[in-house]
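Below: one structure in structure tokens.
Which chain is which? They are A, B, C and D, in the order written, and residues in each are numbered from 1.
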Amino acid sequence: MSEQQFEPNIIAFVCTYCTYAGADLAGTSRLKYAPNVRIVRLPCTGRISPMFILKALQKGADGVLVSGCHPGDCHFTHGNYHARRRWMVFRSLLEFTGISPERVKYSWISAAEGSKFADLINSVTEDIRKLGPFDQYQQMIKDAQSPATL
Amino acid sequence: MAKIGVFICHCGENIAAKVDCTKLAAAMGEHPGVAVSVEYKYFCSDPGQESVKKAIRDNNLTGIVIAACSPRMHEATFRKACAEAGLNPYLCEIANIREQCSWVHTDSDMATEKAMDITRSMIEKVKRNNKLQPIEVPVTRRALVIGGGIAGLQAALDIANAGQEVVLVEREPSLGGHMAQLSETFPTLDCSQCIMTPRMVETAQHPNIRLLTYAEVESVDGYIGNFKVRIRMKSRYVDTHKCTGCGDCMTKCPVKKISSEFDCGLGKRTAIYTPFAQSVPNIPIIDTASCIYFKNGKCKMCQKSCQINAIDFEMQDEFIDLEIGAIVVATGFQIQNTAMYGEYGYGKFPDVITGLQFERLATASGPTAGKILRPSDGKEPENVVFIQCAGSRDPSKGVRYCSKICCMYTAKHAMLYAHKAHGGKTNIFYMDIRAAGKGYDEFTRRAIEEDEASYIRGRVSKVWQENGKLMVRGVDTLLGRPVTVAADMVVLATAMVPQPNAKEFAKIIGIAYDEYGFYNEAHLKLRPVESSTAGVFLAGACQSPKDIPDSVAQASASASKVLALFSKEKLEREPVIAINNEATCAGCWGCVLACPYNAIEKKDICDRSGRLIKQVAYVNPGLCQGCGTCVTFCRSNSLDLAGFTEKQIFAEVMGL
Amino acid sequence: MITQEKYRTTVKELLASDSVKMVIGYKPGSTPDRRRPLFIRSSDDADQLVLDSTCITNLSGYLVAEGLLSDEKRVGIFLRPEGIRSINILAAEYQLNMDQIVIFGFDSTGREVRPLEGRHSKDFSALLSDIKENSPQISKEPLLESIERMNEQERFDFWQEEFSRCIKCYACRQACPMCYCRRCIVDSNQPQWVNTSSHTLGNFEWNVVRAFHLSGRCVQCGNCDRACPVNIPLRLINQRMAEMVLEGFDHFAGLSPTQEPVLASFKKDDTETFIL
Amino acid sequence: MTRILLSDKLDNCVERWRSAGMTVIGPVQGESISRYAVVENGAGFDFGMILPDRSVKELFFPQTEPMLRYTIKKSEIDTADFPPPQEKRIIFGARACDASGLAIDDSLFGWDYKDDFWFHRRNESVIVTIACTKADDFCMCTSLDLAPDSTKGCDVLLRPLENNRGWQVEEITDRGREAFAVIADLLQESSDQAAPTAVVTEKFNLDACVTWLQNPENFDSKFWKEISMRCIGCASCTYLCPTCHCFDIQDEGDTYSGIRRKNWDSCSFALFTMHTSGHNPRSTQSARWRQRIMHKFNYFPGKFSVNSCSGCGRCSRQCPVDMGITETLQEISKLQS
């Protein structure tokens, strides 16, 4: 069965100081998690533009994950507070235009939360797997004859 | 045309056991723009690095990708190797296929596939990397220390002794701060004045220190290495160059009954005064609110008594503009006004006093010449009750935090009282005894065991007067019963709070503060003495409640940070900073608001005749820390972040 | 008509006394139901001024076009309450200096036009506060409600259908007073974040990005919606986002000329429930 | 006696043409806009409108069109052209202005380079024009020496019958005759009279306008600034225009492959002429509006001896600020006289 199960493509945008470090910690702790996520490292969640999310979807991602430092922990003092507002707005916009919030997820993961990172990747992968491929978006890309697919 | 080198590290078995490195190297070799794709056991080893350097030189590579461990491990190593091979170090990217791939996945095929994606996207990124140069910022080697308490003095002296110029600004007429008010200090019971006053004198006489007392920082502009600071010299009405400090004016001043701030209201001073006898500089000021001349234009007794004609009633505030390279903020603390505890009777009963008032009573140079006497009748109290946490650790009325020093000074007060008033009894109401520090717990034990301080674990609910006694009602939680103690004096261990203008002052300097007004360190653990603004450092209780050893240690730490900054003529910084496209910038200033570092300024664009065409954002490279928050905000896509440019990220995603 | 005549007189007076160099208003259009923007510089021009309930276009975008205000002289402009909000945002985003703007406020109910008291933006702050307070009570357009009732797939299909007509003429952008950027993000091609082609993907991306950039800035004047030659109900997206920022951040776009842009500011206690 | 086609035969016509391998296209009133779209039977047509919101141009020159596909390999780039479309189409119920627009653009697309996409579609499409019997305030074909029943660019001209039951059929080209041969037996001879064509008043004096435009002194006239002051620089006039033909070529894709596309572009945009240096030779909206007028009535006729305007009036009809060619040329007519 496992050979037939759908393997979702997920692209994650993370800040280098917290979530990327948390992902490294998951590695040094030898935790195991699903191999479906590709990470793009940014200095801060403040740098993560909504455009990145759209481009990840264009690239054929079935899901997108955005993650950074917990509120109050930002290395740049308040990049993540700005990011949080943007996410609130952008998420609501995507929802209104028909992109399920289940496809684009957000999280806070600190440099210490290696196990949270591993758990999150597993649960997000599982959630997106249940949702199945993002056919609607991919159909739109196909209709546009845009060749970008993972 | 890009010529990228891809170097795939086995990391022994760490990567190779899970990721098929040979397959990876072959696949990357087929990627457009890749000139070299090789694998090796340990690229971080000396021979590994040599092979990278050789490949760069032999193939004239335009960028390299090291597929290995996390960039947090060896990015610096390989950047250095690039530089040694003549390639700009910022043309190196790390594909993290160990921590985020081989170590965390079980399926070898999927791990290999993921490693390919990771490496590919880094190849695409590095193709668009720009050659970056570290940012050089010139440094003015002159430090400004704000605050002349023990932390400020320590920082100033450390910097000055290392041969650098210091300007020390103190807003009071004299150096000394709170420490000058104290009697003996814990845990050694050495006299505060005895250790403080020599430091004050040393500071005043130091050839590298310019001392500005009765002065305030008016404005701070600029950035690390290049601050422009304006100081307001408040007028003393006494010519500091002429005055010899003889004190005749103070003797002659007819207004003698002004409550002394320095003595916390327990002593008196004149209208022309120095805060205390050992003031540095020993030059009086005129308190215009009390001076008869300033009130009704008559008197001038001081002027008449001054043989060198140093009194000048017409004196005005002056401003001094300074070029400064680094700032140490050592603005100290205040004690919290305890009036919110109506039940303790502070302000209502004269013999309910604060710990700081007790210090003034206990000090030999104080208003009672070191005798512990009741403010109400001047009698020596026979029974003193100390109430700890009179404000601290009380979210409902006081402050949430622990003021850190009260446990120690209360124990000290009990000891001093025991030494001075033989047979006197002390009762101390406390929540916990927090005596962590070198010799601290021994000290409190001594207070209990040798000086018979009686500690009662519990809070006080009420203090009232009865038959000339202060009745203190509390609860002994260890025995589980209420207690009432008849005392002659009650001493409140008040909370340490930020200076009343701490927040406004933080805005002047441009540093961050917490909900109380204590200044925020850049990182609580790793950068505890740096503020959120580059080039501004913190020392002493302005950052959080601290005792003298901690304040001094932090001051020295700040001084060492300043000295490190001053060790070079130019400051080198990571070039990961935002840059603005002035042609497309719409000047909406959202970025200015969004920037956590006040690093974005408005810049005028003028035509050849000097006519203003438009204003655009300018990112100050000295201040920008490279978070990229402004870039994301920018609707016209005019801002970009070096090292993580829009092009790079786009390519990274599209290369996946 | 009385309002129109009164304003005509005032405009003439202000021009005569050199208090303003120009007044932007409305004049009759090519058909009886059309109004076109009018740039009044003389008494004769002022005679063409029309003010009635069909004067709908939000004219505030003209204030920031091609250096109109660069000589620091004052310009008058006819604005409905939405227009006043627009220029508040333009001032808050440093695109114009409010002291240069003389407002001729008006509003209409049915066919009747009434003047709004005041000439300076600050004169209208109470009015705008009232509008803000009342905005949650205004009943939603049925179409918006029906979209909100859809599930995500239906919504996606709905918007796909609507966006499929988009021809990327950018009339929505050009008509919007908030789209003052010298270079729009779609015109930025290094990299090309938004696909410029007018295919399904490009149309979707453009419309999403446009709405995001207007979040917390749109005053629902409807210029975009009316300008759209293929009748995409753009107002609905903007309206939804305006509701979102009002609910989420108590932000009512253009309440005052010193309002902080909602996406360049934050509160430490901004509440969300979705971040894992 | 003339040959006529009765409207109740339309279903049969559509069926015949479809079984002859043709896609049948006609004016369709959608929920939000009207356009020329595929119809499956007679009921799909909507002949009631003056003209569809969107011009027939997009059927020949779509807003975005893939030209070639490329794949980036290690040392070379593979490309594959998109073949020009081969679909046979009959556009039944085009307006004379739209059909004329196609004829006008033939000269451009066939000039120094023959645009395969355009001409394949042109050659495979039959244009059946229905003469207009009504017009609105924006129609201006007569001002451009065209008419509601102009045969320019059309293969068959239909004139609505006065009694409203069908059309008189006038085959213009061989392509038209061929297409109507398929339905020859559905036509009939009749003496029904054609309804009078719409009266489209002449809006401006074209000759006077051309003279004024050709006078170099007028290039820098302050007229341009005055007339275009309210222009907001959107491209709806150009995109709805049946003759505007500017396009941009864009590569879209990811690192590994992509598509080169031909997309509509517009002289209304500042970006249209923006140089890499940041300099823009047409830096103001008035310069851009002047270009549009000059191009249509001066430069284009100078090169191809035909105005690049067929008088449909969409530019004025759809303009968000009520501008358009009509108003501009009316004002120019006044200036010249």
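Assume a contact is a pair of C-beta atoms (placed from the backbone, for glycine too) under 8 Å apart; a residue touches a chain by one contact, two chains touch by 3 or more.
Owing to the predicted nature of the structure, the values given are computational and were not obtained by experimental measurement.
Engineer: Measuring between Cα centroids, which chain is at the maximum distance from subunit C?
Structural biologist: B
Engineer: In terms of C-beta pairs in contact, which of C-D and B-C ranks higher?
Structural biologist: C-D
Engineer: What's the distance between the Cα centroids of subunit C and subunit D, rounded to whole Å?
Structural biologist: Their C-alpha centroids are separated by 32 Å.
Engineer: Averaging over Cα atoms per chain, report the distance between subunit B and subunit C in Å.
Structural biologist: 46
Engineer: Centroid from C-alpha atoms only, then distance subunit A to subunit C, rounded to Å. What do you get?
Structural biologist: That gives a centre separation of 34 Å.
Engineer: How many Å are there between the centre of subunit B and the centre of subunit D, using C-alpha atoms for each centre?
Structural biologist: Each chain reduced to its C-alpha mean, subunit B and subunit D end up 71 Å apart.
Engineer: Provide the list of subunit B residues touching at least two other chains, using ranges where the numbers run on.
Structural biologist: Within subunit B, the residues that touch at least two other chains are 583, 594, 633, 650-651, 654.
Engineer: Could you list the positions in subunit D whose residues touch two or more of the other chains?
Structural biologist: Within subunit D, residues 252, 254, 256 contact more than one other chain.
Engineer: What positions in subunit A touch 2 or more of the other chains?
Structural biologist: Those would be 55, 59, 78, 82, 86, 145-146, 148.
Engineer: Graph of touching chains, which shape: line, ring, star, complete, other?
Structural biologist: complete
Engineer: So in the complex, which bits of subunit C are touching subunit B?
Structural biologist: Where subunit C meets subunit B, its residues are 93-95, 180-185, 188, 190-191, 193, 213, 260-261, 263-265.
Engineer: In their shared complex, at which residues does subunit D touch subunit B?
Structural biologist: My answer: residues 72-74, 254-256, 278.
Engineer: Which of the residues in subunit D come into contact with subunit C in the complex?
Structural biologist: Contact set of subunit D toward subunit C: 32-33, 53-54, 63-64, 137-138, 229-230, 232-236, 238-240, 248, 250, 252, 261, 263-264, 266, 269, 271, 284-285, 316, 318, 320-324, 326-327.
Engineer: Okay, in this complex, where on subunit A does subunit C touch?
Structural biologist: 50-51, 54-55, 58, 71-72, 78, 81-82, 84-101, 105-108, 120, 136, 140-141, 143-146
Engineer: Going by the contact rule at the top, pick out the subunit A residues touching subunit D in the complex.
Structural biologist: 59, 145-148
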